[in-house]
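Questions regarding the structure given below will be posed in turn.
All chains are identified by letter, namely A, B, C and D, in their written order; residue positions are counted from 1 within each chain.
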Amino acid sequence: MPSFPALLPLLFLGFGAVAAMLAAPRLPRLSRVLAALALMAAAATLAARLWAPAGQSALLSDDGLARSAGMMVCLAALGSLAFLRPGGPSKEGPALILLASLGGLMLAGATHAASLFLGLELVTLALVALFVLPLTRAALEAGYKFLILGAAGAATLLMGLALAHAASGTADLQAFAGRGMMLGLATALLMAGLCFKLALVPFHMWTPDAFDGAPRAAAAFAGAASKIAVVAALVRLHTLAPPEVWAIGLGLAGGASILLGNLVALRQDGIGRMLGYSSVAHAGYVASTLASGAPMAAEAALFYIAVYAPALLAALCVTAALGPEARIADLRGLVWRRPLAGGAMALALISLAGLPVSAGFFGKYIVFTALIEGGAWTLLAMAIAGSALGAYYYLRFVALIFRRAPDPAAPFLPAADRLLLLLASAATAVLGLRPDLLLDPLRRLLP
Amino acid sequence: MLSPYLLLLLVPSPPLAAFLMLGLDPFFLRRRAVQVLALLGGVAPFFVMLPLAAVCFGGECHGVVPVFTLAFGQSEVALALLLDPMSTLVGLTVAAVGAMVITYAIDYMSDAGVADLRRFFALMNLFLAAMLTMVLAGDTITFFFGWELMGLCSFFLIAYNTGLPQAVAAGRKAFIITRFADAFLLAGLLLLFLEANSVRLDVLIPAGATMTEDRHLVIALLLLAGALGKSAQVPFHTWLPSAMAGPTPVSALLHSATMVAAGAFMLARFSPIVMSEPLVQAIAAAFGVGTAAFGALSAIFQTDVKRLLAYSSISQIGFMVLAVGLGAPEVAIGHFVVHAMFKSLLFLAAGDITHGSDLGTSMKAMRGAARRRPVAYVAYVAGAASLAGVPFITAGWWSKEAVLSAAWNTGPFGIAIWALAFLTAICTAVYAFRPVLEALLPEPEHRSRAPHGHPLALNLHHRARIGSGFITVPLVVLATGSMLGGVMVAPIISFLGAEVPHAPHLPALLAAMAPFAGLIGAAALTFVPSLAAAVEGAHDMRRPTRLDHKFQIWVIEPYIRLIRWLSRDRRPRDADLDFERQVRLIRWLSRGARMDGVYQALVVRPFVNLVRWLSGHRGGGVDPVGSAPVALALRLTQAVVGPLAHDRFDRFWMRSANRLVRIWVMARAIQTGRSRDYALGLALGTAALLVIAWGTTWN
Amino acid sequence: MGYDMELTALILLPFFGGIAALFAGRFGRDAERWVSIAALALALVILILAFLTPGDGRWIAFERFDWAPSLGMQVILAMDGLSGALLVVSLALGIVSVIVSWKITEHSGLLNAALLWTVAASNGVFLSFDLLVFAFFWELMLVPAFLLISVWGHGDREAAALKFLVFNAVAGLGLLAAVFYLGASGEVVTFDAFEVAERDIPHGVQVLLLLGFAAAFLVKLPVPPLHAWLPDAHTQAPTAGSILLAGLLLKTGAYGLFRFPPMLFPEGFATLAPWGMVLGAFGSIYGALLACGQTDAKRLVAYTSVAHMSIVLMGICGGVYFSLMGAGVEMVAHAFSASALFLLIGALYDRTGTRDLRELGGLQQSAPRFAAAFAVFFSAALAMPGTANFLGEALVITGMFQVNWIFASITLISLVVSVVYATRLFKRVVFGKARRSGVVEDLTAREMGPIVLLAIATLLFGMLPQLLMGALEGAVTAALAPVAGP
Amino acid sequence: MNAATLSILLLLSAGLFATGFFGLLARRAILFQLISLELMLAGPALGFIAGGAYHGGQTGQAMFVLILILAAAEVALGLALYLALRRVADVEDADTITRLRH
């Protein structure tokens, strides 16, 4: 039986969502504050209980993995909230973010088909709503595609769960721990659903469109918070079920994601699309880490996605400030116009490229090491090739950020954005110097 | 007690100090200060050498002054200066000639701007320091240091007149060719170092001499090649005539008396190593006598005094190399000393006579010398006599006689060599006396109608300012040396520890006749108008001249018969063809056997083509000296290579990048934007996963 | 082992100096430049003090402390003569580059910061013996150098900067993968090079890992056919960038090659070294030939760098005492002489707005000081005895004679070709008549300072080689030992 | 309920799922795509019911209810999107919504 404190974060988020929704039509500002407070409270609770003894309920597990991933989901959601532009026709954004975070928390702790499905759907549906918030044509298109694919993905996952349930008689995720063809097929379907959320090739198609058309903050949530949750779920699941299915499936999808994501991002001029494809590629690194079967794979995958999140948040925050159709040319001389935005963007891109001093360097370190430890040489070669391509296209953007001859027009950055950029950059830089600050706790928290 | 040998360190120091003071720009120096510094730096080494020479002649002639010691791993490298009979003699000569030339240059260069003057004297002093360092070097590193520094100075000094493209091109040519030869020397020295594990000459030469491996042969050949390059011996000789583009004092000091002869000095220095291989000895002797003959023949047909003297240097140094090849390095050193005196004298005198003439240094500029510059003319006559080897009264005779005798004494091959050398001696006399006799001809009309005032008046103006003592004293001193120095030849050779070679009376007598035969030849070439015109015309393609009848019979006719016989030409004689042949012969000789052209075709053009092919750039102008064929080749290669600009590898990388972009275009087409296609991706992915699951959990 | 902070300070001082320079501009005119110079000068003083304190024989100074123990990351900084010499080069060139870019007012805070960060990162490379930290600094170096080219460069600078970065970042991945493998393959995760060196790695694996290391080092060196980034980067970089590129970044490649392959993979290195020599021999000729064909003065010097660094590669792969010593000397010598040439050409470009050899000329008449400076480094470029460059090349050739006379001959040929390009440069720039460039103002006192410094360094190490060779002795012997073993 | 029935039912549920998926791929009208989605979700729902009936627990039924609720929510969202799309872009055909691509 889970203790009340274990449920507290979920309660914070749920009630916060209700409160934020009530406040939204009249007091959109209060709605944002409420949502932020709820997220902070949830994160604080999780942080406070990080080292508490693990508990288990029928639906949710309350262990280090769930807590740490949940905390990161909350923080990433907070980051997305920071640059979720108020105004526009609909004001329910903060509430939706809270709902999506709630789904993320459930996903991270799910030990049961119901909680897994519920978490997944909560994230998907809330994200669809977030995507279409501005009600522009592009947003609607992104939302529609995400809805169609998301529902199909969820159905696929459900099919897998149903098969497993039929095979074992229990809807507990431990059901996958057996062997047999039925379970294998079930695992494949389950994996397809999760791969969709993680945006692995060939389930990735929605990602670039979402990053391009949807509000940047929503894309940031989809790329950072929701992926953290899915990675946590994957970490929990991939040790259970028939290992070869996971290894081969994730390996193939991961490798393909690394190559295709990086390749298609190569000469993208839209910042959003570039980040979308790069997000596919980064998901590929995570998946191949998990596929490698190395003992350290779990912590490596979480570390990687945790390091990826602040960089993505910062990059998308700056992109948001540059307008709905931000292209590479808009970055020209950004650092001279807005030193904070330019610097943060440059640092974020450098981190994504995996160069020091940035957390991304150690992300690359941990992924490569996991692949080496697991002996996944093909994946390692793919990862190297992908990093090589990545270095090119990220730094293409960095070069432009520092171009001389500044454009007088400087994008507007609200205080929340600035705070987010500062914090995300600080996180990236600090983790770029002391990766053990994150890696050590992760290592101890994971089973 | 301080060893007197410590003075050795002081020998190259004054010119070095002068170089530093003149070369360091921040000091402001006036013209007079520049001249004083230059003079001090140039003359001082001689006076430092004197006490050293006294010590040496006094009998204690083996001093080593270590400079510093380097630890090279296991081996130790001791840098040192060395005083032994050879370095004493050569050092003294170099210091003396250097002092004379720099003194002379004070006047000669007086119409240059202050900045140019500083540069000139800085480099001259640096050269003197480098040459003295090389001569006194007690180890191969110091030796090579001086050797290369001389080459560098030579480059800068030939190109002294930086606005003149020919001068710059000549400097490059000299530098590149000598550096090419130096690569051989460096290789040889490094191999020697590896063999002997030491760079000290006093250790290394005995060690090297006792090597009995193949390496010995290789090292000896490498050293020989290095010497041939520096000394402008065939086939490296082409740079020396071009190098005459430098000012006359430069030619006098670097490109005749000292630096060029350094190759012979080096061979003498390393003779225990080089000459213990009979094969190398034979090669050296062959190259020496061949170069001597070739240089002398070429010199005959020159119409420019300085070029004539340049070929003469090539020829005379050929004699030195011959002497070393014959196993008589001491004789070579003797000739070195004498040659340094008379050749610098010749250059200085010729320079003084032709200075300011609007004919440049052409032979015609010599005309009227006896009247205009009597001192210089007399000095020139003395030098020419010494060069031609007028018996007994000139130093040149003694040293050349020693070489010839050494050849005669070597055995059956030696007699053949002697014969060739004897013919060369005749040719030497011919070219030596040509300018002397030319000077007796009346001055050309248009001298006085020079466009920018009267050159003579201009010269007189400068002389009045500086005082012609700077010119006269060196001329007189060197002339005296060239005449009376002969008495020193025998002591020099015996001082170096060798017997003075003596030939039997007949060859000696014949050799003594050579200058007179040459005088007659020179007179024929100067005073028989048709012959003179033939020589003149050989240089000018556009004005072919029919040659004199007797010359035709005695020289050209046998030559043409020989050619016809060699080429199996059975066709009837054709006058035009014959004429073409004879012009070609003279032109061939007068242009240094067309080695320039050969190099152009064999080395320069392929090199340029290669570079163009690799770098693919559109070339600008190239060496104006004989650049027509190169330009043509460039035009051609450009037409082919032009479109393939850039570095090949760079192109490869960029092409790969472009290919990647093409793949990108294909890859992004996957993202069609249609939700149904996206769903298809989802379906295919699911299906693939199902297949994997099915495959892995089959049993 | 003493726990001093002097080596750490050598990295951190320039780093924080750079941060200070970033903001110093608000506190006064040229404050950022003075701050930069002060930071570098202070580091130089610390370095000299470190030289003066007695070491333990092999190392002048040694520091070891934990960085991120869970990642197996330690800070192991060790300085021997080789690192020390390169650190001197790095700090001196850092000061030179700050002085050289004195006139650049555009974003000068960031400019000085980037200069200092480049110095800091390369100092880290020269000192680190924890392989992960080494790789960290190795990659870090790219970022400020990239900025230098892409912000303050000329012409098509972004493309050049990107090319530089892509070549090096991609090649760096090989190093990263190999380092990570080494870290992960032991019983405990450690990147301590000394510990890794103790391991018995199978021969095939050694070769593979060495290829990974070599990829990064050879691109950075660079040796043909991996050199394509260098001419572009040099041409478009600002003068200070070119100086650091030629003086520092290229040396990090040589340093890495000198230090790690013989230490970590002795057998693998012995297998691959002949191929390295072939590559070096090819590069020494290829670079020299291409230098002959350039019309852009900076490109010309860039290609000479290719040739000289190829000779360094040959020396390192030669693996005998002389060739290694020669490679070490040549590294230091080339840092000074190439930087100086870039400095001079940069100064010329500032005055005339062109680097095209066909448009330059006549310096001898209009700017004698310029011409004299050119003459000095011209001599160094063609390895005149008396310059440190000659010493380096002669030693490499000596060593090559011990290894294989063919390589020695090729080096000699490259030496001869060097005369062709050097005289060509000299002819076109110094001699002749002023073409489009017109009359050129002579070097100012501020420009003379660095040039005199570099000239003194070049000649001092050439005339008194013990200074350098004594320092290199330890590193050379260390690199020698595994290869020369029976 | 025996294992054979379960297999048949599961096959049926998989068939429903596949039919829905096929509809998603084949139909261009947005409305029909949403209907296909419903079908896709009905498949696993049937599977849970069948599994629950076979094993005799309540989990299957609970899951069924959960699925129905979420399917309803999904379709509601889908319909809202459909209306918005019609209003903003005036499209019915899903294949014409391709402004975001490449």
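As a working rule, contacts are C-beta pairs under 8 Å (C-beta built on N, C-alpha and C of every residue); 3 or more make two chains touch, one makes a residue touch a chain.
To keep track of the chains, here are their UniProt names: A = NADH-quinone oxidoreductase subunit N; B = NADH dehydrogenase subunit L; C = NADH dehydrogenase subunit M; D = NADH-quinone oxidoreductase subunit K.
Values in this document were obtained by computation on a predicted structure and should not be read as measured data.
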B-C compared against B-D, more contacting pairs: B-C
Chain nearest the overall Cα centroid: C
Between subunit C and subunit B, distance of the C-alpha-averaged centres to the nearest whole Å: 37
Centre-to-centre distance between subunit D and subunit B (centres being mean Cα positions), rounded to whole Å: 95
Euclidean distance of C-alpha centroids - subunit A vs subunit B, Å: 76
Approximate Å spacing (C-alpha centroids) for the pair subunit A, subunit D: 26
Subunit A residues counted as touching two or more neighbouring chains: 144-145, 148, 152, 156, 208-209
Touching two or more other chains - residue numbers and ranges from subunit B: 668, 671, 673, 675, 679
Touching two or more other chains - residues of subunit C: none
In contact (per the touch rule at the top): chain pairs: A-B, A-C, A-D, B-C, B-D
Residues of subunit B that touch subunit C when the two form their complex: 23, 25, 68, 70-74, 115, 119, 141, 144-145, 147-149, 152, 155-156, 159, 162-163, 165, 168-169, 171-172, 175-176, 179-180, 183, 186-187, 190-191, 193-194, 607, 610-612, 614-621, 647, 649-650, 652-654
Parts of subunit C lying in touch with subunit A, wherever the complex brings them together: 67-71, 73, 106-107, 132, 136-137, 139-140, 142-143, 146-147, 150-152, 158, 161-162, 165-166, 169-170, 173-174, 176-177, 180-181, 183-185, 189
Contacting residues of subunit A [partner subunit C, same complex]: 336, 350, 353, 355-357, 361-362, 364-365, 368-369, 372-373, 380, 384, 387-388, 391-392, 395-396, 398-400, 402-404, 434-436, 439-440, 443
Subunit A to subunit D touching residues, read off their complex: 113-114, 117-118, 121, 125, 128-129, 132, 135-138, 140-145, 147-148, 151-152, 154-156, 158-159, 161-163, 165-167, 169-171, 208-209, 212-213, 273
Subunit C residues touching subunit B - in the complex, by the definition given at the top: 167, 224-228, 231-232, 286, 289-290, 292-295, 321-322, 325, 357-358, 362, 364-365, 368-369, 372, 375, 379, 382, 384-386, 390, 394, 397-398, 401-402, 408-409, 412-413, 415-416, 419-420, 423-424, 427, 430-433, 464-466, 469-470, 473, 476
